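A short write-up of the structure that comes next.
A, B and C label the chains in the order they appear, each numbered from 1.
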Amino acid sequence: MAMLKHPEKIIFEYSRPGRGSYGQWPTEQGSPNAVAADIPENLRRKGKPLLPEVSELEVVRHFTRLSQLNFSIDTHFYPLGSCTMKYNPKACNQFAMLPGFLNRHPLAPEQTGQGFLACMFELQEMLKEVTGMQGVALSPMAGAHGEFAGVAMIRAYHRARGDLARNEIIVPVAAHGTNPATATMCGCVVREIPVNDEGDVDVEALKAAVGPNTAGIMLTNPSTCGVFERRIKEVAKIVHDAGGLLYYDGANLNAILGKVRPGDMGFDVIHMNLHKTFSTPHGGGGPGAGAVGVSARLLPFMPLPVVGKEGDKYRWLTEKDLPQSIGRLSAFMGNAGVLLRAYIYMRMLGREGMHRVGEFATLNANYLMARLAKAGFDPAYPRRRASHEFIITAKKQARELEVTAMDFAKRLLDYGFHAPTTYFPLLVPECLLIEPTETESKEALDGFVDAMVAILREAESQADLVKSAPHTMTVRRLDDVRAARQLDLTWKPAAA
Amino acid sequence: MPFIPHTPEDVEQMLAAIGARKIDDLFDEIPKDLRIESLAGIPEALNEMQVGRLMSERAAQDGTPLNFIGAGAYEHHIPSAVWAVTTRGEFYSAYTPYQAEASQGTLQLIYEYQTMITSLTGMDVSNASLYDGGSAVAEAALMAIRAHRRSKSQRILVPTTLHPNYRRVAVATAGGQGVRFDEVPCPKGTLALADLKKFEGEDITAIVIQQPNFFGLLEDVDAITDWAHAHNMLVIASVNPTSLGILKPPGEWGAKGADIACGDCQPLGVPLSSGGPYAGFMTTRMEHVRQMPGRIVGRTVDLNGRQGFALTLQAREQHIRRGKATSNICTNQGLLVTAATIYLSLLGPEGLARVANECHRNLNELVAALTRLKGVKLAFDRPRFHEAVLQLDRPVAPVLAELARRGIVGGYDLSTDYPELGNALLVCATETRTAADIKAYADALAETLKAAVRAA
Amino acid sequence: MSNIPADLKYTKSHEWVRTLADGNVEVGITDHAQGALGDLVFVEVPEAGKALKAGDAFAVVESVKAASDVYAPIAGAVLEGNASLGSQPELINSEPYGGGWIARMKPNGALQGLLSAAEYQAHLAAEG
């Protein structure tokens, strides 16, 4: 592993007054740098901002070293459930960063953007095809942003019909935290319903929950329990019959790509996490892209802008074209550069590659689940097929060995594996949500199983080693309580 | 198979371990009638060479016109080191830093970013970024409502000098929760205290002040901030970070300073890229830190007492608070924050001031060159920064179309958003525009205007 | 085994109520609740003057991993929130029934619907 084994100073600690990366400045050091006379004195900055004064080499070395303190897909197997950490092809980045794309101003005339707009239009069309929806809008900038757009469209739909009482969004308890948070942001009330022992939505509870106030239901399918919602058609009928709409959280779309489509299951609106299913980079926490797809009845409400085509010319659709739109969610065109990467990825997969994503993601997950089960770990839903991910519960280990899911997660870092998602979904105790993705080889999966088995043996014989892990990172477990009680959120120079 | 490493032998062994005959059996829980057999609408796969050719053609089709639009997205020189380091796989392909021990690089970088952006805006604390400058205004409005408990109105004043798309994003984002945005017309191009008079005595939660404003003009931020505080409102500043190299930071506006500062990191090393990805920033005073949306990184110690970094104040966030979270936001725009932090490190305080001064000098030269032409005059002759509104003697759109044919993106047509300004054109120059560029624009505009006269 | 003082009243949502000499009451969260939350890092106390119905969320207690609402055990008006918790949220961990009180309230009439120490003990046992 090319990981840095020692800590790196904070960049301000390299700073020396008068040092700088002069080659990056538009005017020479030593030349006059006066603020123009036409900027009034009372509107000028008085003190210098706290920015480092460092050489270009110091900058490059510092940030390269910081990068070496990270795990990443390029360096480590990253089986983070619900996050779809698959390989991000280099071509997607290289071709999205061609100067013609990078230098285009978002408000430049459409006549100077036909190449870019063609990519966006074709991306909309391809996403419609793989999801079975009737329209796609690309501007939401993350999954949660797409969720917001989706629920706002559901609200707008009911309102446009004068159906003003519908303000309840039904959410299974296992849902992503963003689902209830989004419903609240849209001014809706959240109603949670239980999930049964097999990981399916409790249909009787759903029947009891729907009514004249139901705006819709938010579902992930396969669910966050890592299993396919088998009674989805029945769920769709119950909600539709009650006058509500169905929202599909696309976090787990990778599992079913090319095999089954949300539109065919009866969903009215979906968001797609392009940074998961379509392999755009996670970037250490963004940028994502949360394109939304809609059924025919929600077409008028799509967020702007959308790309339209007239003859062989592409243009932005605006408020004039979609007067009932929920409006604009980004200043310009969402995360356009991310959308280009998704477009390139989809073109490289092509028609014949889409279904392989779902197939091999599912094969890898089921293989990993089978091997871990055989090695003594407990799947949370042993009688179910895994989708592209599955849950192991360390309840037994926590009870018998006092080694928790978190301890397994931290010890895996020492073995060179990123930890799975822990403690989500909340309803499974001591859970490890594991998603290998289709881009990992059998050897990588076998290596992960070997590490899990080795940690289990350690837990049996020297539990403290596991409970105090990690031991080989630049830092050990961090004091979160201190971080929250004694807030230190910015660096301050030592008092002179 | 692109990006899938499995050999036929691998597949056979894996299926045997699972106890399945073929891969398709793994989908046997999905109702048969829902299954699809093909995706006819998806084109056939391209290999890397083919997709490279396609994308090169598409990019070349858009050309590289000479750009004079700003309007919230600015063309600056981006030092080579910024993206050479930012696109390292360890930044590019890492996840959100939930596993702190395996993410110290990203976490420390965000801590350094928080320090820089906090100081640049003159505030106490920063989050790890939001989506963009528009969504940052929307989130700031929602935050102001949470922070200002004595105000019950959920009313926010937005002058028309705030970016029109920022206003649209704010309404689309916060309108559903009952937040009301009252537009304040600004006929003189800046916000005047006289235009605010009618709101005195009303319960208003906050006012948004953009500096420099959408027209590039400088608002009298001290007076407006003091007025707002005197009338029991919070002040939300929407600012251009480049300008803060030379302009007074929001934390020093008026007697008490702004309460929340936000804006877009795009000018800090992020390419225009047709509108994104950019990164919104948000800073505030310590007293409001728990009302701030988005991730925040704190410095702490590990079991051995060594310095380390972790996400903190997470209980505000959606994965814990669910329906009661401060926002549904999960991501920040991590990769763009990486670029902005490297950019600010390379420029330092003096480099940033030089960029700001050079932009402003070029804009003044551009205005001088264009207003020498017959039929072009300056709309508002007031203090400004790197953008200005010109008034033409004829509709703007055909002029811009002709300039585009000549390889010049000549500015942003204001007639849709501000019909009251007549034939108004917003132009911008940054440090990347040379004297020759400015002359090229002036010459092209002169010819365009003359040709139109001849045609008439 | 968590501490359940015999002289206090309780709720099923783990608040406690102490009647003061002047007839007003002091409220907080139980030893069991603070133990389940873990080290507290922030407490949001109610402002004086706030009128509450029984069951209204009136305070928030936050640990590193969770933030929970605290519900008013009785109807009444808030007289004061415990200002010390602003800088020392850990008081709730160390002295849940003493320095960690959250608010003082003036009740609307007689106290109703509260559990005795023994009843709360039984409730905890039933919750498992």
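Here is the rule we use: a residue touches a chain if its C-beta (ideal position, glycine included) is under 8 Å from a C-beta of that chain, and two chains touch if they have at least 3 such contacts.
Everything numeric in this text was worked out from a predicted model, so none of it was measured.
Engineer: Quick check: more C-beta contact pairs at B-C or at A-C?
Structural biologist: Looking at B-C and A-C side by side, B-C shows more C-beta contacts.
Engineer: Computing the C-alpha centre of each chain, which chain sits at the greatest distance from chain C?
Structural biologist: Of all chains, B has its centre farthest from that of chain C.
Engineer: Quick check on this structure: which chain has its C-alpha centroid closest to the centroid of all protein C-alpha atoms?
Structural biologist: Taking the mean of C-alpha atoms per chain, the most central one is A.
Engineer: Report the inter-centroid distance (CA atoms only) between chain A and chain B in whole Å.
Structural biologist: 20
Engineer: Report the inter-chain centroid distance for chain B and chain C in whole angstrom, where each centroid is the mean of the CA atoms.
Structural biologist: 44
Engineer: Whole-Å distance, chain A centre to chain C centre, using C-alpha means?
Structural biologist: Those two chain centres are 38 Å apart.
Engineer: Counting only residues that touch at least two other chains, what does the list for chain A look like?
Structural biologist: If we look for residues of chain A contacting two or more partner chains, we find 480, 483-484.
Engineer: List, in ascending order, every residue of chain B touching at least 2 other chains.
Structural biologist: 320-321, 324 - these are the residues of chain B that touch more than one other chain.
Engineer: In chain C, what residues contact two or more other chains?
Structural biologist: Residues 41-42, 62, 64 of chain C each touch two or more of the other chains.
Engineer: Can you list the residues on chain C that touch chain A in the complex?
Structural biologist: On the chain C side, the touching residues are 39, 41-42, 62, 64, 89-90.
Engineer: Once bound in the complex, which stretches of chain A touch chain C?
Structural biologist: Residues 480-481, 483-485 of chain A touch chain C in their complex.
Engineer: So in the complex, the part of chain B that touches chain C is made up of which residues?
Structural biologist: So the residues of chain B touching chain C come out as 149, 290, 314-316, 320-321, 324.
Engineer: If we count contacts the way the header does, which residues on chain C are in touch with chain B in the complex?
Structural biologist: Touch residues, chain C against chain B: 41-42, 44, 47, 62-67, 69.
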